[in-house]
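We just call them A, B, C and D in the order they show up, numbering each chain from 1.
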Amino acid sequence: MLQLVTFSILNGLLYGMLLFLLASGLTLIFSMMGVLNIAHASFYMLGAYFGFQIAKEIGFWPALLIAPLAVGLIGALIERYGLRRVHAYGHVAELLFTFGLAFIIEELVQMIWGRVPVDYRIPAGLNTTAFTLFNTSYPTFRVFILLIAVAVFGLLMLLVTKTRVGLIVRAALTQPRMVGMLGHDVPRIFMLVFGLGCALAGLAGVIAGPVFVTQPSMAGVFGPILFVVIVVGGLGSLAGALIASLLIGLVQTFAVALNVSIGTVMGAVGISSPPLLLDELWPVTIAQIAPVVPYLLMVLLLIFRPTGLLGRRM
Amino acid sequence: MINTRMLVLAVAGAIACGSSVQAEDTFRIGLIDPLSGPAATTGEVGLKTWQFLAGEVNASGGLNGQKLEVVGYDNKMNPQETAIQAQKAIDSGVRLLVRANGSAPGVALNDFLNKFNERNPTKQTLYFDYAGADPAATNEKCSYWQIRWAANIDMKVLALASFLKGQADTKKLYLFNGDYSTGQGIQKAMRTNMAEKRPDVQIVGDELVPLMKVNDFAPYVEKIKASGADTVVTGAWGQDLALLLKAAGEAGLRVKWYTFFAQGIGSPTAVRQSGLPSHTVFQIYEAHANLPSVAYREEEKNFRAVVGAGQTMMYPGSVNAMDMFSKAARDLKTLDVAKIVASLEGAKFKPRAGGDGWIRAEDHQVFQPLYVASIGPIEKDKGFDEENTGWGWRQIGEVKPEDTLVPTTCQMKRPQ
Amino acid sequence: MTAHSLLSAGSLGPARWVNSLVANAGFALAWAAAAMLLVVLPLIFKSDSAIAVMCIIGVSVVFALSYNMLLGQAGLLSFGHAIFFGLGGFCAIHVMNAVAASHAPVPLVLIPLVGGLGGLFFGIVFGSLASKRGGTIFAMISFGLGELVSSAAPILNRFFGGETGITTDRSALYAPFGMNFGPQIQVYYLIAGWCFISSLAMYFVTRTPFGQIMRAVRENPERLEFIGCSTRRVRFVAFILAAFFAGVAGALAAINFEIMTVSNVGGNQSAMVVLMTYIGGIGYFVGPVIGAVLITLMQILLSDITAGWQMYLGILFVVVVMYAPGGIAALFGPEGMAAQAWHSPRQFVLVMPMLLTVVGGMLLIELGYQVGLKSSDGPIRVLFGIAVNSRSPLPWLVGLALVIGSFCGLRFATAPADRMPAVLRELTGVPHG
Amino acid sequence: MAETSTAAALRLDDLHKSFGRTDIIRGVTLEVKQGERHAIIGPNGAGKSTIFNLISGRMAPTRGQILLDEKRIDGLSPFEVSRLGLSRSFQITNVFPKLSVFENIRCAVLCAEGQAFSLWRNLNGVRAINERCGHVLESIGLADRRETLAESLSYAEMRALELGLTIAGNAHVILLDEPMAGMSRTEGERALELIRKISAGRTLLLVEHDMAVVFEIADRISVLVYGEIVATGTPAEIRANAAVQEAYLGQAAHHNGARP
């Protein structure tokens, strides 16, 4: 049991940090530009594929650097030549633009790399076991991912709190118009932030690719959960995004570990007999509905506290 | 009105594309499977397989002077799309449909043909399910116009159970399946069959995971580990199977994996990547590349020569289907599918894979030997490997068709 | 979301309002013409598959129009509209089976109403949650609800029939005058009839006081509150109306296919209706109709011709969002590019380079698929009747030349900006005067 | 001078509003009589707009009561307040940009008439409504612009439309938030006339920086300084009031500086 708990925590943290790598960029973009970038997970996928290709040609370590930059560049270009012109038509149009973008990127990836998962392996150097607890080995690469994610979080916080850019960004979070008034080239900032966000997603892709499966559907698998994260965390709050990511990471892993059925849970809260038509839900175990839980959380939160846990605006 | 103008143009276009002209001397076979989207990988192999088989028939002079042509129709894995594509195919003269992927489209097609053939007696159409696994298609949802050439999942589970009977080292069993009809079917059938064949085996875990929704299987692997299982039986496929094995490899989980879909595209690669030791992943299937049967290995060789060295002939059902269809057509000297299906009811045959096979008349389910194989390193030209991984299947057991006999609830409506 | 941010959600500006008043006499005529067309279409296109295609189009039209009540009229961007399409359809199919079993004298013709009521019911349930807020929050709630339902559906086997879904036999119902709806053509007329009635009903909604208020809540919800109208209630009513007609569409689908599966409540279905509606044009009533026809045909027919039909769909969508936010309808509308092009040769000339750009783009895409995804089929691909070798650089160069050349051509040809219709100006990136 | 009865149309009773720790409104008690034109003046940041937001339901007071015709309205949502006959205009023009002038007004009328949710009558068929919209357009002098998109109106016209939206309903108490803001002299003249016209027979509560206007139009004036009313009285009394002189003129320099 203790073993289960320990490793659930470890895996929950890992999954959470990966989520955060994506969510941080997404929430930055959203709160600055008011754009809910539906294609964000697609950039994560691009990162994974670029990582795979570059790792194959040159090696994993260069890939770790180049792939995110490339993705970031693409993101910036898309912002400059696509999103910016749509901006004039308002947020709905921007939302729909990224929505279509996700479509295209998925097709492009299939066009280039095919529909079969690509053979993106953990680099030999990191394909070892970091430590062994209760005769269960924990892979080094997962530790490595954790470290990277933590490092990025640190850097991001430094960037936002210590640097001038960060100052402007934070100002733009709350007072987008005012920042423009103050003579900052807001469009350019937007472009940079968008690029940065995409680069972060790309980085997540590069390191997650070998652990998960690198295939065209990987964006679709990750995408929806991201919105849950930034909504739960509160749109525009980095700390919130972090908390939400970890929360959801842990919730999901522990929901899996539980062998409790809805019936027993409901029984615990006093609803012993299932309501009409829902009785087939009763035997369902929490583990079964684990991936559904976040959406429930999201909807409830949106209804009762749309600012999220640590949200500022909206 | 713009919409009217558009509608005319649109439908005109529809007709232009929809009803393409067909040459007199070709018999067209319509393959209805996902040819776009993530599921397309399997659909495309299916299409290549049938085109390959049609090519063989044509090389041997075609059927009754007619050449075979296989045309693909993209149903996007969607039952409703399946119906419309079938309609399109039949309109363009197709009288034999083939399909494999997804149980919803399968049931939909049975349903569609039951009604269509009744409503349009002049256009009666036959349908071969060449790899479907959902029992429903030959039970409550069965159709006279369908023949299923692959063993359904109940049969495979039964076969696996009778195989495990001989596996003394299986003591603690963990069931790990997708939370959908097939997965639940495996779960149920495994429990009943094991209770009957191996009451001593203890089922230490029983998981139903949502399909294609889980990103990280590590937590599940921890759970399996904690349960102390020595054998896992899983109906997971594609992405889920890949992620599951990967997580298991990482966490150093050492158990025997008995799978039903490990021959699926990408799965051998996933096994290879997972870092699991060789010959710990097993599959039970109608065939594998390294069967004893010379005839089958020959066919496998030709197939790979055409489609590519890495791609195994993953639809043995289609081979039997094509063999039996052309045999019937030649014997009856006709391509009237109504006559052919009538003659195929209850027919016996010798699968190229070896052993005996027959088409059960009650539900049009084909019975044939099933093979248990494990995957591991294959020396060059000592056999075929899978997806150029250097690993290939090695047979470790065969299950006679008699041991896969499951009853059917099919009440078949035969045309008068 | 601010009122400004909703400008893209189209509008019935005064110019068009006047038109519609002027057209008021003519509009009855137009509807009559549409009805006539629906009647004669199957006499023109007799083939079964053509009729089947038209049936599906009919379903999509109702679905898309219902969606535009939310997006175009009330400015509510929903990512979960398929919930009501699906649930309506499931209600319908269950009732159909019940009726067939009990031999109750309920004709099939009334089943769409059942679907509508089903949609309405669930619309009330979910709408009471979703209508709390507008703008992005609404979009997200709708998305969340959609994900909830679509991920809960596979667990609720009794209602959703698990993976294989629920099937039915429409001809098993009580059939007055021997109309048992076995033959597709009878189904066509059922769908056509309901499509016409629903469209008319939805058109009238846009012309009622509530239609006016919907446009107001789209423009400036806050102000509406201060002139004494509960925006939440407006959103709610709009939501359940849309849900009702989505339910009707779902029921029509159930009748047409005689099967409903969980995929009908899924995200893909929700996404498709967004694409249809927006590509067609949310600012015009006929917009969604155009979109539904176009996208449905792309789905059914394009997939035979090219592996990349989804790519084309995505690109078409993005192009519309970027260059023609009014949708295709706007191109043909009063101030539309195409509209001008018809009677101004100068601009008709411009249509040529656009077509060339499209051709070049298609060439490149198909080549891409040939060398990438389809590489196992060999390098040769027949395009526009010409066998092209995707390995040789020539076709690539041709494609690039076409795209770049004609696009630049456009940019030059279209100055000065002031003499150009807005859409074309957008299309060619010439800054506004 | 409009005739003034003694019954209070609007009464604020020890009204408080604080954001976090900062108190913006600190116990305002104010009575606006039936049919009087009452102006609230005061230096920037005194809390004039906050008071409007509290009355019109945009915000809920932290403490205290708001009574409209002796009925409590504090805490109600804007549309409920508006239904009870109190309507406001906005300092920053706040109309329906993509709707025509006529449609703008019609929305207000429909809401007031409780027709907003009617789904069974033709929009253009409701003669009563359309006539009423016509009258409103006449009274705000936009009759000839009825089909113009609101967003393409001139600034002054937009302000007029803003007023039109405010009075189109059945409101008998109207709150005008700086109706003159940003207007030229001549525009101001016309606006003043308009305000006179539309406030006839209604109770008017006005916030305005242009003192000339305030002292010309208001029957009574209340001076708000740092969330408190320091004085209420006729223009004459206010002129004479020492406290006001001190509190207000002291601010004048800064205040003028702050004018756009």
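Assume a contact is a pair of C-beta atoms (placed from the backbone, for glycine too) under 8 Å apart; a residue touches a chain by one contact, two chains touch by 3 or more.
Predicted model, so just to flag it, every value in this text is computed and none were measured.
Asks: Could you name the chain whose Cα mean is nearest to the mean of all protein Cα atoms here?
Replies: C
Asks: In angstrom, rounded to a whole number, how far apart do the mean CA points of subunit B and subunit C lie?
Replies: Averaging C-alpha atoms per chain gives centres 35 Å apart.
Asks: On a C-alpha centroid basis, what's the spacing between subunit A and subunit D, in Å?
Replies: 47
Asks: What is the distance in Å between the mean C-alpha positions of subunit B and subunit D?
Replies: Distance between chain centres: 74 Å.
Asks: State, to the nearest whole Å, the distance from the C-alpha centre of subunit A to the C-alpha centre of subunit C.
Replies: Here subunit A and subunit C have centroids separated by 30 Å.
Asks: Name the residues of subunit B that each touch 2 or more other chains.
Replies: Each of 40, 179, 210, 213 in subunit B touches at least two other chains.
Asks: In subunit C, which residues are in touch with two or more of the other chains?
Replies: 4, 7, 151, 155, 310
Asks: Tell me, which pairs of chains are in touch?
Replies: A-B, A-C, B-C, C-D
Asks: How about subunit C: which of its residues touch subunit B in the complex?
Replies: 30, 33-34, 37, 41, 44-45, 47-50, 52-54, 56-57, 151, 154-155, 162-165, 167, 169, 171, 182-184, 253, 257-259, 261, 263-264, 286, 289-290, 293-294, 297, 299-301, 303-305, 307, 309-310, 329, 332, 376
Asks: Taking the complex as given, what residues does subunit A use to touch subunit C?
Replies: 34, 36, 82, 85-86, 89-93, 95-97, 99-101, 103-104, 106-108, 110-115, 224, 227-228, 231, 277-278, 280-281, 284, 288-289, 291-292, 295-296, 298-299, 302-303, 306, 314
Asks: If we count contacts the way the header does, which residues on subunit C are in touch with subunit D in the complex?
Replies: Those in contact with subunit D are residues 3-4, 7, 11, 13-15, 17-18, 21, 24, 204-205, 207-213, 215-216, 219-220, 222-231, 233-234, 237.
Asks: Within their complex, state which residues of subunit B touch subunit C.
Replies: Interface residues on subunit B, with respect to subunit C: 1-4, 6-8, 10-15, 17-19, 35-37, 40, 48, 73-74, 76, 78-81, 83-85, 87-88, 90-92, 102-104, 106-108, 111-112, 115, 119, 134, 136, 141, 179-182, 184, 210-211, 213, 307-308.
Asks: State the interface residues of subunit C toward subunit A in the complex, per the touch definition above.
Replies: Touch residues, subunit C against subunit A: 1-2, 4-9, 71, 75, 77, 129, 132-133, 135-137, 139-141, 143-145, 147-148, 151-152, 155-159, 267, 271, 274-275, 278, 308, 310-311, 313-315, 317-318, 321-322, 325, 365, 368-369, 372-373, 426, 429.
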